[in-house]
Structures are given as structure tokens and as C-alpha cells.
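Two complexes, one shared chain (chain A), two partners (chain B, chain C).
Up next is the complex of A and B:
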């Protein structure tokens, strides 16, 4: 558990509205969030609750309609491309469907090479770059020699997510946003991916925002949990408090609807 | 012991790829499901769960090929039948199948009632639309689906509603056996629960007599099925009651799977997940001995020599390993 000392990222009144008139959707609705240095925070909600939209605002990939983001105590200003580039050295993401977030026509080595360049390693000798890429691949149990000249779509879902973790290994951001990083892979490979993520986090001291619809997973990985329903946070607190003694009816329902192994799963309540 | 509704003996099937390579995805699989019972199939991606589901229907078309074995539904062996006869008299009536991601494959330009008319009239062209409507309405209402759904297009239905509709269409002819491949994996927890409730209602009312349920999520299987089989690289490696498979697995792979369970229950945070290192073997050239050998921490030289037989321990309980039950239990106790 991280010591809650230094605030790393803060959101105040964040709101995102898509469309207008009859087609208006308030995807994120006046959300406040405080992220402390080194902690793992989960955002849990059902499909369409606004998790990915919030993640994209925090990442600076889409603009908020209303509200502010503070990064390391300063109001975030990423209006120019140069400012964005600077911001992205600090905050990076792994997405649910890695195939959609990557230019699939970029070979795998160039995906990794880009990371080295982003960290200012453009001028390094090529052998040094290969060494760094091989080290990142070793970390996630992939063989760099077998990946060169391959395209991302030639990898399995689990290998692809490991490649995404290798990227983060090279980029070493302060904050990682992991949006459903294991929802496309089976329960068995999920443990491997989570292990690697948490090991990386310990190694480089990252702060992690973990987004998931799986409340058990959130309980397992996080210090703090936020529960999101229709764009709003309805409950938040330490993982133990939120999962073991939930107070909001929505949280209670999410927990009771998950099949468990020690407690009975009550089907009469649907 | 109840009446056996589905019995499969040593079923072996393969895919033949574009490059004429054989992929042995279902290798000598045997199973039995009694009336009123459900069987769960667990295993990681690519182990052959979906292929087994497809193979169980006895209806083969390229790239999938039948090699050997028997499929006996309620006393009738369908494995030697011609594909056309299987399609006409078996599918939908004796055995129904809900493919993985079926709900995303519905023709968007047809109303739900039209899917049902197609299914029913393929078996009984004389049945009137009015009779079919009545039949569908009765079934929908009995499983808590509003009859108004019949007049809707797939896009007008939410994910959970669409999946329950797919199930209703699949079972409209009252099949003896239902095979459901990951029917709730893409849904939110609440919709998932409604899908499971519907399947249970169909079983309890006797509308379907036996069910095979496939998923890689063990806590779900544990809550849904009576028995569980664990599949690894095309073979069954463990079979027992749901309780045995989850709380007392014998095969080292099944044991490993239990270590990947994540549930929002006290104690989970302190229990460390155990990842199984490595990847499954290539099914184009599976290893001669135990298929799990490369990932097993108890591997010995004799594991790699010839194929490993199933061992029976107690009624209906089996596992595929060279180690005896006693040896395995000792090994687990010592961590």
C-alpha cells in the first residue's frame, strides 16, 4: 500500500458531453479524483459507464467539456502539440484491445524503437537500442529475436498485451492507465499479465489507474477503488472498505452479481 | 445413476488447414451427461473447447473432419450419419448449439420471430406462422422474456437481451442437449446472471434435458454446472464434480488453473495468484508424452515417453498424469 503523501494527478469536476439535443450523452459527469504518488487506483463500472472516456481525458487524448486536471500540483495545459508530447512522457496507457490502439502496419521492433526515441534515445548506437529492446522483451517473457520483422497482428492476445507491457517498461512513465488490459484474454493468461504489470510497477514506482468491469480484479490489484455508474462516481474508498463493506446499492449489486466460490451466488435476485 | 442423455466415446476430430496441415484439437475425448445434469468445460484459449462443442454435434464440414469415436444421444449413435441427415433430424431437435459470439452474428435485417420461423419450418414446413408465434410466445414468457421481443430487430436489443434471445431461438424445438460456448463472457455481470438464470430455468422445467457449458471462468462454471472437465491441448486432463475440480483438483494443470481464480471475496487480496509459466504446445505436432510436460513443475523423464492414460479415482473422477493421487497430494502439500 502506497503512503498517501504526494498527490500526483487530480481531477475536479471533469465532464464530457458527446452530441447535443436529443442525442446528447453525458459520458462523464462532474467527476473528482485524487491520485497519490505510487498507488494503484481502480475505476470499476459496467459497459457504457464512462470509464474509457474518463481515461482518455486523463490521458489528454480527448478534451474535457468542463472541469480541470492538475498534474503534480499544476493545472494541466496541453493545448500545443509540444506540451502534449511532454505530458505523454509522464502518462501512458495500455488498452483493452491492443490491436485497435496500434498502427498494425508498424512492425513490432518499430513499436519498441519508438519508445526508446520518445525517451530521448534517438542518438544511441543501434546495438544499444537492440540491447534495450531485448531487455524489455525479456521482462515480459518474449524473445526479441522472434519478434523482429513481425507485425502485431501475428501475435496472440496474451503476447500482444505482454508487448504493450514491454513498451511501458521502456517508456517508464510516472502514471500508467491500464484500460481493461486483461478482458480479452483468458483467466489463465490473466494471472501472468497481472503479475508482470505489478512487478513493473514496483520496479519503476509507477502510479496506476486500472480500469475494469471486473470488481474481483479491482479488489485484487488496487489500493483504492472508485465505482462508476452512468458517468458518476457513486462510491470510493480503500479496496477493503468498498468491496467488503459496500454502502451504495449499485456497488452492492455489482458485488452480488459476480459468481463466487465461497459464498452462494443467489440467482433469485435477477 | 440417472439416465444417460449424452455419451461420447473416444471422439477424435481434426482441422485440416489451407496448407494441408493437421491440427488435432479434439483427441480421444469421452464424456457422459445424465438427465437433468450439466457438464462444464474449462481450459485456456486455444485448448479446443469450441472445437469440441462443434464436434459434439456430429455435423462436420471443412476445415473440421471427423476421425473416430462415437456420439450417442439418448441411446442413438449419430457419429456414422450423413451430414444431411444430421442437419435435418438431429440439429436443433436432439442437440442444439450456441456458438461463441453468436449474438453478434444475427442477421440485422430480420426480426426475431423470423429467425424462429426459419428454424421451425426447416423441420416442419407444414407448421403455420400463427402456431409458431404461439409456440415462441409461450417459450419466451416461460423464461421471462417479453413477447414484444419477437417483433424486434437484433439492433433494438441490449447485449443481455440479445443473448437470451439467441438461446431461446436455439432451443425452440426442445432439444435434449444444449451446448453453450461462452454464452455470457461478453456481458456485464448483471446480464450474465440473467443468462445463467434462463439456462437454469430451461433445465429445471425439463425443456432441455442436459447441458454442456463452456467457459474459461472457473467461478462461473462452479456455480452453473454439476460436473467440470478441464481440457488441455485437445485432451481432457481432469474430470470430477464442480466442487472437486475447484477445491481439490488433482492434475497439475487443473491445480494451476485454480490459482488463477479471482473473486471479490475476503482473503483474495492476500492469496497470491499463481501464473502457469509458458504456453501450450503446438497442436500440429503435439509432444509424444504428457502435453503439459513443458510447463509442469513435477515433470519426470517417464512423462515424455508415451501418451499418458487417464486414471480413475472414485466414481466419475479422473485425471491424466503419471503421478498417483497420493504422490500428487503430497507434492501439493509441500508447495
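Up next is the complex of A and C:
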């Protein structure tokens, strides 16, 4: 699926250190990462391996201690907040916990309206905005008429995560960082949400960084897999290569921790 | 929002505190409509008139319709009210010195005491060891007792302008009564008067109003400063955080009350209006709000909903107002309530030291206590000059702390019992 033509995002020697002295923790340790346009990349590791920190650095939500990030061939410069706002037009995220991702004081309409405004649709007539929002909701199997004037916490976890995908549908970013988007969702909704995500990717051709602890899931969705242990990438390569012929013991352990991998996902279809 | 409010008003503690506070505020608002007196008007000549109903003597004698009532024990009561405990003790002292057995003297029984005194007292009798002054005191006491037991009517007379003689106007019998509602001038002084002879209750109500205003202004100023600095330090972080926290820690170390005293002193008595004092209190008590708000904001700053708001293209100001402020609003309200009550206490503390608002414009709870203290109301036993003020201050701070605890339990479910 990967075209392997144009590099979309590149990280060189990315390091993040929390604290100092005795309490020093190296969350991300000299990580190199290359993302090609339109590719789906999985970063797999157990909790505490630094996946989320890496995702937040790539998103520009926290600053790296060392290293550089190149976005579409140019060195990323997001020191000022205005530059960050510009950068965030290209990169978006879906967070792990849908229940804490929304501001509980804002209604659902305002979440979606923000996206339209960010895409430069501030001056559109209201009917047009409603049309756009309804279209986005339809894409994720939600009914916009039922969501207006509701608060996010009135929805179920799966609905909230689908609303998150509707956001991405409206924003159409170049890169999407999906930080364990299905880990808080029950198993039935999980496949639906993943399918929606993949369908959306095919439609708008964005690059996806998929962060998960579930190596089976990573195999299901991704072209390239990076295995992360204690802040470092221990193994990387195409999904087939890494998962079917793992070389690093940590990868082997991760795979053996998911015994149902061959039952749950039919490999022949991927 | 509606749900939270409903929850807040279901909390027993909050409701109790709130009802005390609201009734205080209602009294403060309604009382001036019923009694539109100037609270600083001096009514009485003299200090600390005790609480009671004051009936004009002149008017009650001149009231045309007099009622005759034959009440039992009227004479005894009359005697008892005029013979003070001090006089009774003095009488016993003389009687014992004159050789009467102590068991025979019952100072509570007025009539038997008087009978004993009249049969035994002899001004010429010299008692060893008694000073001349003391002897004269007993002679005076005896004379006053004679007037006391004198039966008969009082004659009210006026001087004739031409002849210079006295003319009878009327006779007041010991069975004459007036109906208090027919007397022209009656004044109810529920809490008596203060040292300047002002109506204590009117003064207290006005003082409560002014003190609440001072508390609100001080609390609002402190909370606004604390909120702004706390939000800036917590959200912006970095060098801004360092600078703000440097000054905050500096002010934490210096006791704010000392600072308050120094500022109030340097302002001078003439410059200190009630609102100047409130402002000074506000500007010296923002420290804890700043620290608390900063701590809350730091923990909120990296939450996912803030990240999502950033990713949705919002400015820092928008994020602070829409994504941070609503989450700490309950906390800020609680801090505000505490700041108001501590502002009222700070004003009282300053006023007792003589550094409160100037005394000529408005009364405050602290100023009333200061006057009561200077005129030694607590030593003379004039409880009405300071006790109601103490109770009012205690009620205000109690109700506010109770509201705070109630809110705390609603917003921090872990604290519920």
C-alpha cells in the first residue's frame, strides 16, 4: 500500500528527558523515524515504553529535549505559538481516552464548528456549516440532528471516538496521530472504528501514525511497524517482515502475548 | 451546570451556611428600610445605656388618660428595684457591726431588712474602726431609705410666672399607670447604646453591611489578582512562572497581616476610607489563591481536552478562558468565599489595632469592637457593646466556611462522609 515516494515526516535523534538528577527519566531515547506520504505506520510497545510521549513530540504538544523533526522536507520550527497553530493545520490526533478528550462545558456542535473554522470556513453561511457537520457525522454513522445541543459526556465511548473521527474528516490533515484510539472501546465497536479510520485514510490520503500496544491490531492496519521498548526502537520494517519473522526477543514476546492474533484477524485478507 | 447547582443546594452543610448568610444579608438590606436612622447619630447623653424600652418620663406623666391598677406586691417591687444589692450589703455590714446576729439578717427579704434597719439604726452610734466618710455614707443611705418608705402621692407642680409660687398641675398616685402605646415618646433600644450614646442595633446592622462590602471588595480583588497570576504562571509556565512564583513565595514568607499593618499605618488615618482598607486587604491576600490556582492549572495544562483545543486552532487566551477556567471555577468560587471571610476578619483585626477605616464616616464591625474595647465595655460588663458584634462576625465566617465545606464535598466526592 505504501508508495514510498515522498517523505512526509522525518525524525532524527529525537530524545525526551523528564526531570533531572536522580529523578531523570529518558522517555524517548534517540529515536529515528521516517514517514512516507500516505503510509500507515504503527508504533507498538507496552505501556511506559514512550509511545505517547513520542506521539506528543511529533504533534508538537511537548517540546523535544534533543533531535530534529523534518516536516515535508523542511526542518520543523514551532517555537512560537503561532507557528504551532500553523503546524497543527497539517497534523491532527485522536487520543486514547475519549472521556477526557472533550471539554465537558462545550457542546458537540462547537467541537465540529471549530474544525470548520480551522479549515477557513468561518465566513460560511450557517446552513452550509450544518451541511458539512451533518456530512461528517454521516460518515461515522452518527446522526447530527441527534447530537446538536448535546454534550460529549452524554454519548457512549464509541460514539465519542467516532465523533473524533468526524473531526478528522472535517479537518483533512496531512498526518493523523492515532494514540491507541480503540483501547478504551469495547471489542464490538473496535473493528467499526478501525474500519472508519482506514476508510477515511483512503479517502483523503493522509499519513497515519498508529500507536498501540496490540501487535495484532498493528498488523491489521499498518504498512510499517516500529517496535518500541524503553524509549528506543528495537525493530522496524514492513508489517509482514516484523510480525511474521520477528528478530528481536521483545518483538517475539509481544507477539506471544497476543495468542489470538491469527484467530482474530484473517491474515489472508490483509 | 444546572445539575451541579442542584447538587450544591442538596448539600446540607452548604444549605445551612447559605441560609445563615442569606438571612444576615436580608437583615442588612431590610432593617434600614424599617429604621431609616443615621447609624452614627448620637441619641443618648452618656455611655453604654443598657438594652431595653426607653419611655419618656415627661410624656408619661403628662399622658392624659391615667389608669388605676391595684397590682399585688407593687410596693414591694418598687422598694426592691430602688434598694440595690450594694446598699443591702452595706446595711448588713452596719447591722453586724452594731451587734445583730448574722443569722437574723436576710438581705433578700426587703421588708424584714427595712424593719430591722429602722428599729436598729442610730446615726449617733459610734462603731469602732469606722471612718468618718463611711459614717456619712450610712447617714445618706438612711435618708434615702426614708424617702423610699414615704407613703403618699407625688405632686406635679409648675412655677407661676407672676407670683413665683408653685401651682399644682396634677397628682401622681402610686397606683397610676399609663399605657405605653399612649406615651408620645418611647424608644426601643434592643441592644442599648454604645459609648457615644448611639443606637447599638442600627450601628451594628450598618457595620455588618459595611464589613460585608469590605470583605467582598477585598475578596474580589484578591481572587482576581490570584486568578490572573495563577493562570499565567500555571499555563504559560517557563520564565513567567518563575518570576510570578518568586514574588508569590516572597509574599508568602512575609506575614500579610504585618504588611497590612505597615501599609495602613503609612496611609494615615485621613486616607483610610472603608474601601481603601478593603483594597489594601485585597492587595495583601492574593498569595494563597495564586498558589492554589497555579497548582490546579499545571495539572490541567496537559490534559487531553486542552491538547484537543490546541489542535482545534484555538489561541492561548481562548484555551485559558474556555478550557481551563471552567474546570477551576468551582475551586475559585471556594477560594473567593474564604477570601471574603478572611477579609472581614482582617478588617476587624486592623480596626482593633486602630488602623482600620476612619471613624467618622461609617461603622464597621471592627470599629465597634475597638470603641467597646477603648471604653472598657468588657471590664464594666457592658456585654451589649461587644457580644453582638462578636456573634455577628462569628456567624458570617461560620456560614461562609460552612458553605465552603459544603461546596468542597460536592466538588471533591472523596471528602463526602
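One rule holds for everything that comes next: the second predicted complex is superposed on the first by the 260 of 270 C-alpha atoms of A that agree within 3 Å, B and C clash if a C-alpha of one lies under 4 Å from a C-alpha of the other, contacts with A are read in each partner's own complex, and residues count from 1 in each chain.
The rule is simple: a residue touches a chain if its C-beta (ideal position, glycine included) is under 8 Å from a C-beta of that chain, and two chains touch if they have at least 3 such contacts.
All of these numbers come straight from a predicted model, not from anything done at the bench.
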Simultaneous placement of chain C and chain B on chain A, clash or fit: fit
Which of chain B and chain C A:213 touches, first, second, both or neither: first
Which of chain B and chain C A:190 touches, first, second, both or neither: first
Partner chain(s) touched by A:70 [first = chain B, second = chain C, both, neither]: neither
Touching partner for A:85 - first (chain B), second (chain C), both, neither: second
First (chain B), second (chain C), both or neither touched by A:106: second
Degrees between the directions from chain A toward chain B and toward chain C, using C-alpha centres, nearest 10: 80
Smallest separation of CA atoms, chain C relative to chain B, angstrom: 13
Overlapping contact positions on chain A, where the chain C interface meets the chain B interface: none
Chain A to chain C touching residues, read off their complex: 56, 59, 61-62, 81, 84-85, 88-89, 92-93, 95-97, 100-106, 111, 114-115, 117-118, 167
Touching residues (chain side chain C, partner chain A) in the complex: 302-305, 307-316, 322-323, 326
Chain A contact footprint on chain B (complex, rising order): 44-46, 159, 188-190, 192-194, 196-197, 200, 216-220, 222-224, 246-247, 256-257, 259-269, 273-277
Residues on chain A engaged by chain B in the complex (per definition of touch): 46-47, 141, 156-158, 185-192, 194-195, 213-220, 239-240, 243-244, 253-255, 257-263, 265, 267, 270
